[in-house]
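The same subunit A turns up in both complexes below, where it pairs with subunit B and then with subunit C.
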Partner chain A sequence: MLPTDISQELDYDICIVGAGIAGMESALNLGDMGYRVLLVEKEASIGGKMILLSKVFPTLDCASCISTPKMASAAHHPNVTIMVYSEIDEIERKENGTFGVQMHQKPTYVDPNACIGCGQCETACTVAIPDEFNFNLDARRVAHIPFPQAVPKKAILQRNGQSPCNHTCPAGVKPHGYTSLVRAGLHDAAFELHLETTPLIGSLSRACYAPCEKECTRGEFEGSVQIRAIKRFIADRYYELNSEPNYGPVKERKDKRIAIVGAGPAGLNAAFQLARKGYDVTIFEAEEKAGGTMQYGIPDVRLPKDVLERDIKNVTALGVSIRTNTKVESLEKLKQDGFDAVFLGLGCSRTRSKREESADGTTSVKTKAPGRVRSPNTTPFADEIKLAANGVIEINKTLQTSLPYVFAGGDAVTGPLTITAAIGQGNQAAYFIEQFLQGHPLNAADLKELECTDKLAVIAREARLSTRKPTKLLKRENVSKEEGRKAAKLPLTEEEARYSANRCLDCGNCSECHQCVSVCPSNAIDFSMQPIHHQIKVGSVIIATGFELFDAHRKPTFGFGKYPNVVTAMQMDRLLSPTRPFNSVLRPSDGKEPDNIAFVLCVGSRDSQVDHRLCSRVCCMYTAKQAQLIMGSLPLADVTIYYIDIRAFGKGYDEFYEQAKGMGVDFVHGKVADITESSEDEGNLVVRFENLTEGKIEKREHDLVVLSVGLLPNTSAQGMFRGTSIEADNFRYIKEMDEDMEPGVTSIDGVFVAGAANAARDIPDTILHSGAAAVQAAAYIENLKGLVC
Partner chain B sequence: MTPLQRDLTEIMRDEMIMRDEITKLLTSEPHTVPEIAEALKVPTTEALLWLTAMRRYGLVEEVGRADANGYFKYTLVKEEN
Partner chain C sequence: MSIAAKKDDAPHILVFSTNNISDPGIDMAGSAHMHYSTQVQVISVPCSSGIKPTWVLHALESGFDGVFIAADGTDCAYLPDCTTRTGVLVKKTQDLLKEHGRSPKRLRMAAVCSVCSESFVSHMANFQKDIVKIASD
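Entry: the complex of A and B
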């Protein structure tokens, strides 16, 4: 075997962590030199913070116009591979100088190959959350494209685990989904979503034991969302408007026949799901009527039988035949009759309640508790399939019995089950029967759901939640004690249902309402997506993770987060951007175009109170930029900048500062002490400051105040390396070992730093530094090539 | 002006209900944010957030330029036939 250089064993020559302007610049330089580059970005789009800016200083060029060609070049470069929505788990330096990178791509729940970036999922989505790309100035949807110029322009569903209500339902119903649809007034869609899981909506709305409500996070506040009452509103409303289902048998038929034994909740559900797939389904029911426990075990007053009958119509409308008064006593006979698979959804024998009907038509229960369970009715099949000692049917994890074509669920498998759990088993059986009939392997892991949302995190997020008490369910009049407390409640009105639904906290963000699925023209939504883990060999690593912005909440005297008209400079950049959240520069308190705007410099920079003594180097100039842009956008506005020093060190910067002054910006040499709201003019703000020129305390009123927040080190990369840590400087930026002579070289041989991950930098300096880091990485790779294995 | 009392997440959740109220209001004539807030008896900050989301998703649009007090009027976007 001929000797090869190490680089030929690598998946990529260089891994670049972070795809902002620094990472993209390094990637393009290295790609142009012929190196194979992996560019890893934690967000769903490359571009970093620069793409979100309005314009750049001092040229006032459009930031998008500069960024988007770089983004497109990186995306289409033959030597650059981009992985977005991906995070590095660990990087290990090998003895031979190469690196092993462990990373994962987070699931977007949208197939990127199918998504055409049309945004219809976003418009249809029913969950609104703050838009982090507009720095919380407006709302976006859980299904969304990060921003208009995103690369790749693909939608993602930002899921935060599965909401506890969805996660806990044994039937697989999505309570969060139909709750969010009712909140949005989409009541028919709520019914249709529920119908995806079960046809027994009316029955469940009366008889479900509502484990979802027990898990509801709102229960930790004033009381759970009344999910079952919302369900009843959905079912009652829909059935009142639709006495018959509005669908028939599916047109695309499959040439397989399935027998369901037992028309209880498990059997009806399995039949419904299989008939929807186009199978020919027959239900055999020993009793006179279908419904099992729901028909014979629950009193009319609690579950009116007309509601159950309407639920059953949801099944029969699909062409499912229900043969009542028909006992099945031989599975072999079913096979001989041409059935390809069988589901045993047998119930248990139950004592019948004796009911008496009075002259006024009301019914009352005369015996003790109805539906008392005795034993499962499995005896006829004892010779054909394996039964346990207690008479229940033995099954594996895919509900398959000892006869491969026979599946079983419900009471006959587990002993007495709730209706809700029986429905879940019916659904699972339908899934595995179809897998069986299609010749696919049966795998119980197929039905694995996303992990449950961390409820404590949701509670922490909702710290300032306002009080909204559960709706008081009104009692029906003239209900006897025997008829029971649960039967005595009136249904919610539409107004009450929407109010109740709006108490939902959207724990997992995505409600699984499936509106995105309904509207997606390319069937790209995929809720089954899982994280994809990669182990990659590379020759060198460049850290280009950029910077963090100072959190203005840390200066509480400035009122950010308290007064809506105190905003950060990044928010102002969004307000000035062509893709801004509002139709103009408006103040957030009331949508007014401001006419007297102040900027406060050095917020979170040069400030030992917040443990950040460094100058951020860009704030003076981006503030001068924003001031000029405001004067262009709002020509009559007065603009004031409160400053300690003006640092205009770069090429053309001093001229830029003078230009702002020349346009009429009022530069006030003053240190701001606090910002409060005016008692006289609604929404206006009073800035109290020390006039450093005159040495006195002054106050001025403005109608919008912008905090020019500083840049902080992003320390996320510093714990990334196995067995060692990358050295940081005194300000927690990644340290260059010799910043005068070896730009970009870090404490780990073969790892380089580019751009603002090393120090606060403006865009031209970042691009220059990224080029230097790219050259350093290239030199390192060339040295590696000299190592022959 | 009362300082923000509620978290943004809660205010934004309310959009799904409040947009119907705003739609009803704008059916008659265009309104400014303070007019909407007054009619619905809600804070102007919250009305702006809901209106902004409705604008983002193509339900409302501004009419002309801001008035003398600096407020735009917003109207429903007419559905294309």
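Entry: the complex of A and C
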């Protein structure tokens, strides 16, 4: 075989990590030279910080107007491949000088090939959360397109683990989902969502032990969301309006027949799910009535039987026939009768209570200790399938018994369970029976759900929550104990249900309400999406991960996070941008247009208290820019800038600073000590500072204060390399080994750094530096080509 | 209902907008609740130079009163000479319109950038005003 050059083996010539202006610029340069580039970005859109800025100094060109074309060019360049919402796991340098990159694309829960970017999911989504692209100035939905200029313009569902209630429900019900639907006034949709999991909504709303409420994060505050009461509101309202289900048997039939033995919660659920798939389902029930434990084990006062009957109609409406008073004795016989699969939801036999006929002809069941003395009803099948010593049926993880066409769940498998858990098993059995009938492999991992969200993080996020007591507590206030107890037991009115739903904290962001699924015109939403892992061979790597913003909370005396009218410069850039959250510059506390605005320079820069002694290079200039833009949009506003000294070093920068002064910006040579809220004017702020010219301590009042936060190194790339780490400088930026003569060259041969990942830089400097890094990477690839393998 | 079924009396305008650059700007006009006539309909295309003169004629013959090309200017992601090509296309189309006895002023082109929502809104108002004038000439 003829030797080939090493570069022929590569998937891409160069992998660029980070698609801000630096990464895009390097990618376009390299792409134009003919190199194949992979551009990896952790956010859902490329563009970095620049696309979020208002204008750029000193030209005052519109930042988004000049970045969108770059973003579009990168996305359409024939030599550039973009992977967004993706992260690098590890990069390994091979002996021959090439690199192995392990990375993964995070699930967006939207198929990017199907999504047409219409934004309908966004409008329908029932959960609003702070918008990180507007630095939390306003809200966005969980299903969203990051911003109008996003590239690619595709929706993502930003899930933050599964909400504790959804995660804990053994039946697989989505309490967060129906809660957010009730909050949105979509009561029918709430019922329909619940129906996706189980037909037994009314019964659960009375008899479920509500493990969701025990897990509810609001329980750590004034009391959990009254989830079961909300469910009862949904069921009662729906049944009141719809005495019969509004659907019939599924039109598209499948030619397989399934026997369900036992009409308890597990059996009814399995039957319901399979009938919805179009299978022919028959339930055999030994008793006179369907319902199992729910019929015979739970007293009427807790679960009125008309509610149960209505729940069962949800099953029979699908064409499921329930043969009561029919005891199944042989599984073989069922097979001979033409059933392709069997589900055993036998339940446990119990000490049957006496049926009591009352004067008005209704019957009721009295059980002293429902479900206490129960043993599995498995005896008839002892010869046909394997049983454990205690009489329960042996099954594998996919609920399959020793006879492959027979599946089992509920009390007969586990010993006494709750209705809720039995429902879960019925659902799982239905899934695996369908897999079995379709000839697919049975894989227990299929039903894996997302991890539970981090409750402590939710509690921390909600630290400033206002108090909203549960209605059951409110109703006990100012009445006698007895009255209070009675009132608290009453079902919720619509108003109370919505009030209760509004107490939900949206722990995992997405509630799984499935509104997005219902409205998406191209069926793009896919909740089963998993991370996609890639192993990629490249010849060179460019790190363009940019900078981190200084977290203003770290200067507590400046009141950020405590006083709403103290904002950061990034937030001010958003307020001034053409893609701004509001149509004007407004202050957060009351939406008023501010008329006396102060900027504090060097917040988190040149400050050894926060261990960051470097100058951030751009803050003086972006502040002069913002001051000029504010004077343009709020001509009557006074603008003050507190500075230590002004660093206007670039071409035209000093002129830009003078221009700001000329426009009337008050530059105060002062070092700010602290910021407090004014006791007189609500929301106003008092800035206390040392006047450096006169050597005095002074105070001034403003109605909005902007902290000109500095740029910090992004250290995320430093742990990426296997067996070695990329060297950092004294300030934790990625180090250039010879910054005078070899821009972009790092401590790892073949790895280069571009833009603000290496030092605080403005955009023109970033673009220059990215060009240099691109050329270094190209030269490295050319050298590789000389090597043969 | 024909595509040109009118909801109000304002001239009916078809906009060809480019999906990378002009579309986000036009989208944003909507999401920022800026007002422009409901008589404006937008179709997006990848690159303005791909529009065919016959499409414009077809639009006018189907009942639109004017066609507006929201172009990328020099920002096109596909072609460095997109503006020149679109310019040629506009000239050709105007000739075709004249041949068919329609005013060339019923076609207009302007660059609309990714955040040009306000300018798009004023373009629409002016174009509609000018079309009313053409009609009364």
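Heads up, the rule we're going with is that the second predicted complex is superposed on the first by the 698 of 789 C-alpha atoms of A that agree within 3 Å, B and C clash if a C-alpha of one lies under 4 Å from a C-alpha of the other, contacts with A are read in each partner's own complex, and residues count from 1 in each chain.
Here, contacts are C-beta pairs under 8 Å (C-beta built on N, C-alpha and C of every residue); 3 or more make two chains touch, one makes a residue touch a chain.
What you see is a predicted model; the values in this text were computed from it and never measured.
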{"item": "Contacts of A:S633 with subunit B and subunit C, given as first, second, both or neither", "value": "neither"}
{"item": "Subunit B versus subunit C as contact partner of A:T715, first or second or both or neither", "value": "neither"}
{"item": "Touching partner for A:D138 - first (subunit B), second (subunit C), both, neither", "value": "first"}
{"item": "Partner chain(s) touched by A:N583 [first = subunit B, second = subunit C, both, neither]", "value": "both"}
{"item": "Which of subunit B and subunit C A:T81 touches, first, second, both or neither", "value": "neither"}
{"item": "Touched partner set for A:S64, first subunit B, second subunit C, both or neither", "value": "second"}
{"item": "Those residues of subunit A which subunit B touches in one complex and subunit C touches in the other", "value": "583"}
{"item": "For the subunit C and subunit A complex, residues of the former touching the latter", "value": "20-21, 24, 27-28, 31-32, 72, 74-78, 113-117"}
{"item": "Subunit A partner contacts - residues on subunit B that touch it in the complex", "value": "1, 3-10, 12-17, 20, 32-34, 37, 44-45, 47-49, 51-53, 55-58, 61-62, 66, 69-72"}
{"item": "Contact footprint of subunit B on subunit A as seen in their complex", "value": "122-123, 126-130, 136-140, 180, 183-185, 461-466, 498-499, 502, 504-506, 559, 561-564, 581-584, 586, 588-595, 677, 682-683"}
{"item": "Residues of subunit A touching subunit C in the complex", "value": "62, 64-65, 68-69, 72-73, 75-76, 148-149, 151, 153, 577-579, 583"}
